[in-house]
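Got a structure for you, questions after.
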Amino acid sequence: MIDILSGYTFLIVAFGTVILAFASGVIGTVSVIKGQSLIGDAIGHATFPGIVIAFMLVGIRDTFSLALGALILGIVAFFIIQLITEQSKITLDSALALVLSSFFGLGMALMSFVQGNPNFDGTQGLSDYIFGQAAYMLRSDVYLIIAASILSLLIFALFYQQIKIYIFDPIYSRSIGISNPLMNFMILAITITLIAVGLKAVGAILIVNLLIAPAVIGQLWSNRFFHVLLIAGTTGAAAAFIGTYISTAGDDIATGPAIILVLSAFVVLSLIFSRKGLLRRSIQKRKIGERT
Amino acid sequence: MTPLITVKDLNVAYQEKPALWHVNMSIQENSRTAIVGPNGAGKSTLIKSIMKLIRPVSGKIEIEGRDARHALKRVAYVPQKGEVNWDFPATVLDVVLMGRYVHKGWIKRPNRKDESIALSALETMKMEAFKNRQISELSGGQKQRVFIARAIAQDADIYIMDEPLQGIDITTEKLIIGIMKQLQQEGKTFIVVHHHLDTVEEYFDHVVILNKTVIAEGTIGSAWRKENINRAYYEMSGSHD
Amino acid sequence: MMVEVLFVLIVTAMATSLLGVFLVLRGMAMVTDAISHTILLGIVLAFFITNDIRSPWLIIAASLVGVLTVYIIELVSQTRLIRQDAAIGFVFTALFAIAIILVSKYAGDVHLDLDVVLMGEVIFAPFNRIEILGFSIPNALWQLSIILLINIAFVLLFYKELKITSFDPKFAYIAGFSAAFIHYALMTLVSVTAVAAFDAVGSILVINFFVAPALTAYLLVKRMGSMIMLSLFFAVLNSVAGYYTSFYFDLSVAGTTSFIALITFMIVFLFNSNGWVSSRIQKARQKKQFNRAMILMLLNEQSHESLTQEEIMSHFNLTPKQFNRHIDHLLLNEYIEKQNKKYRLTPRGVEFTHYTRIKYELPEMI
């Protein structure tokens, strides 16, 4: 066990996933409370063609340009979703499904083009970004995750009071001079950035779980926004550490899915045992039943 | 007496349809002014315009002779219930502390002093016992008390409220009116969108009767007359149904 | 033989988009997205047992996982502890994660390529054939045609119930229709169709085949019946366009078709008769009319009966260019006249303001 914990691969992967999961847990809480959890899912899928396009343009698999490609396509996808929902009778739910699958389809089409074309080599790694391959993370991947996560958390902390009022009571927030569009854009930009840098670690499909599950856990344990954020960040980070350990210790267990499973187990435990959980609820029900 | 707020020739349109047309009115300092009018008369649009939340087609809003933009910190807004995200994890005290934000700069967190101001605002609204309850667990009337406590904690001198008496219990209604009269003694001004015609006289001392344009305004004695109410509610062009 | 690929694609698109109409109308697009991901778990589990990717047992087992996904999501959101959208996002990713771990752990022992499951390879469909009544046809074509027929039968048989439960579930309940039965029957068919379609179009892109044609049709029609017909039309159109484009550029068929479906949608979204472009044009026209009416109404007020250019411009914050455009139009139509650098209404203009007040439901001048 000590061997694993001090191994180079483990250290570098764990460091990256833990800080990514912490930041995603904190930032994801905002979308979950706003009832927009699945935007993260749509954007996660939609970043995939960005990876392939960046690969086609830059040629080498350079961490930074791939993340940039993902970021740009994520933003494009978001604006299409917004355009469709605001300018037609299509609901958010439908628009997400449409954009998610079409962009992913574009990614698939481009990938088949790249793979069939002898001008491009090293295409094998591209599907790592779909399923996540934390074990192949390079030092530069981890640096990028750390930089993006710290920057995201800093911006979030800087605007904490404004963001809080904006989510709770958007009209009041405008009445005291907070710019709602700016808040919305900032949260979105941070979310897409975290998705873009996190793709290699957990993959385009599963990344939304890192944004949703910690927030769900936080909400089950606390009624206070700040505590929800702390719990979300911490459980995300803890799950990332345990998941990375399991995947390093066991063989052929992918890191991303392992983290997601640990996190999902936390959600199930919280659903049952938390302050607002099912266990306590049924005990209370029984008490009320005895009294009457 | 020079008015506190002056609205000059305000025209507002939603989707190229006028919501407010040629509105000229004023709000007297230290008054309790009701804004009444039928559904779709533009009551909410008017108060949102006063707070500069809506960009008008034309017109000016001045607070003490200057553009209202400069005086927004003096305004405390009590929202309609539907405007708030009830899933937000916040205790009653958290919500009231949000009122202190106006006096804070960047990053600075609320301190002891802010907390004691918030607590005394809750006391005023008889909600101190609920300070650690989650906001969404409260009844309609209790929620409304918390939002008024937030406005009090904001320490503003102009209170703008959008139908604060809608769907609340009678005790809360009496309490809110009592607080309103008490704060008026301390020099505050109230602008309240109000729905019940039968309580206007009892609760307010000034009234603006609105239906896209101002039908009548002034003290209850001068403006709150049968013919004005009829004009706003029953005789408008295009609203014969 | 290649044309058989196109047939498989078209039959898949029709079977999915037929159900897609109801998914869109019921706001269940993202639940379907969850199903399309989690059937991977069903496919993996069933494949371990049957070792045959086209075994009917695999279809049944994987479909069960799809229905189970819907059930778990409902169970979780019924506790009211987690919002439905968050429940969808966390349930499907958890099940998908299990599937990936199983595949990566046992990939050596079984022959199951994740990329193929995810992307689908419709061009391989003709290699796996079956003899029906002496004709040799691709197995996928055979299975999907049967599923298409089942879906058509379902829609015809329960047309009224589908309509009522999609439109107003509470009324349906009072009227004695079991919304739950229709709901689970629909979800079962969605799962079965998604599983049968996965090796043609891939387990993720199948969501596109469900919703894209239905959404495109939704923009154009007012009635459910026409939405179904139009949805089938777009399904065929996207398939044909996707098929030829992908062959021309040598791309993945399903991926290309999915993206072309978005292009079709966007074209309809932008250019249909009340689409984005025409509503922009209409808005600009309305705005022009509104601004002109505003100027006339201003001149109709007692204190503003005759105004200079500067007064009008400052009142509405107009630029000289905007001002000239509006004023020229009003002068030309003889709504206003100019005297000593001041503008005032003509009798015709006064009459116009009267009608404008009625149009905008404004009170008459006091």
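Order of writing sets the chain letters: A, B and C. Residues in each chain are counted from 1.
Here, contacts are C-beta pairs under 8 Å (C-beta built on N, C-alpha and C of every residue); 3 or more make two chains touch, one makes a residue touch a chain.
To keep track of the chains, here are their UniProt names: B = Peptide transporter.
None of these values were measured; they are calculated from a predicted model.
Chain pair with the larger contact count among B-C and A-C is A-C, by C-beta pairs in contact.
Placing every chain at the mean of its C-alpha atoms, the farthest one from subunit C is found to be B.
A separation of 41 Å divides the Cα centre of subunit B from that of subunit C.
Between subunit A and subunit C, the centres computed from C-alpha atoms are 25 Å apart. For subunit C, residues that reach two or more other chains under the stated contact definition are 83. Each of residues 35, 219 in subunit A touches at least two other chains. Multi-chain contact residues of subunit B, defined as those touching 2 or more other chains: 87.
Interface residues of subunit C, counted against subunit B in their complex, comprise 83, 283, 286-287, 289-290, 294, 297, 301, 315-317, 357-358, 360-364. Residues 32, 35-38, 40-41, 45, 80, 83-84, 87-91, 93-94, 96-113, 116, 127, 130-131, 205-206, 208-209, 211-213, 215-216, 219-220, 252-254, 256-258, 260-261, 264, 267, 271, 276-278 of subunit A touch subunit C in their complex.
Interface of subunit C with subunit A (complex): residues 24, 27-30, 32-33, 37, 76, 79, 81-83, 85-86, 88-90, 93-94, 96-98, 100-101, 104-105, 107, 114-115, 118-119, 202, 204-205, 207-208, 210-212, 215, 218-219, 246, 249-252, 254-259, 261-262, 265-266, 269, 275-276, 279. Partner subunit A is touched in their complex by these residues of subunit B: 48, 51, 53, 72-73, 75, 77, 79, 83-85, 87-91, 94-95, 98, 101-102, 104, 106-107, 109, 134, 154, 160.
Contact residues on subunit A toward subunit B in their complex (touch as defined above): 33-35, 157-158, 160-162, 164-165, 167-172, 174-177, 218-219, 222-225, 227-228.
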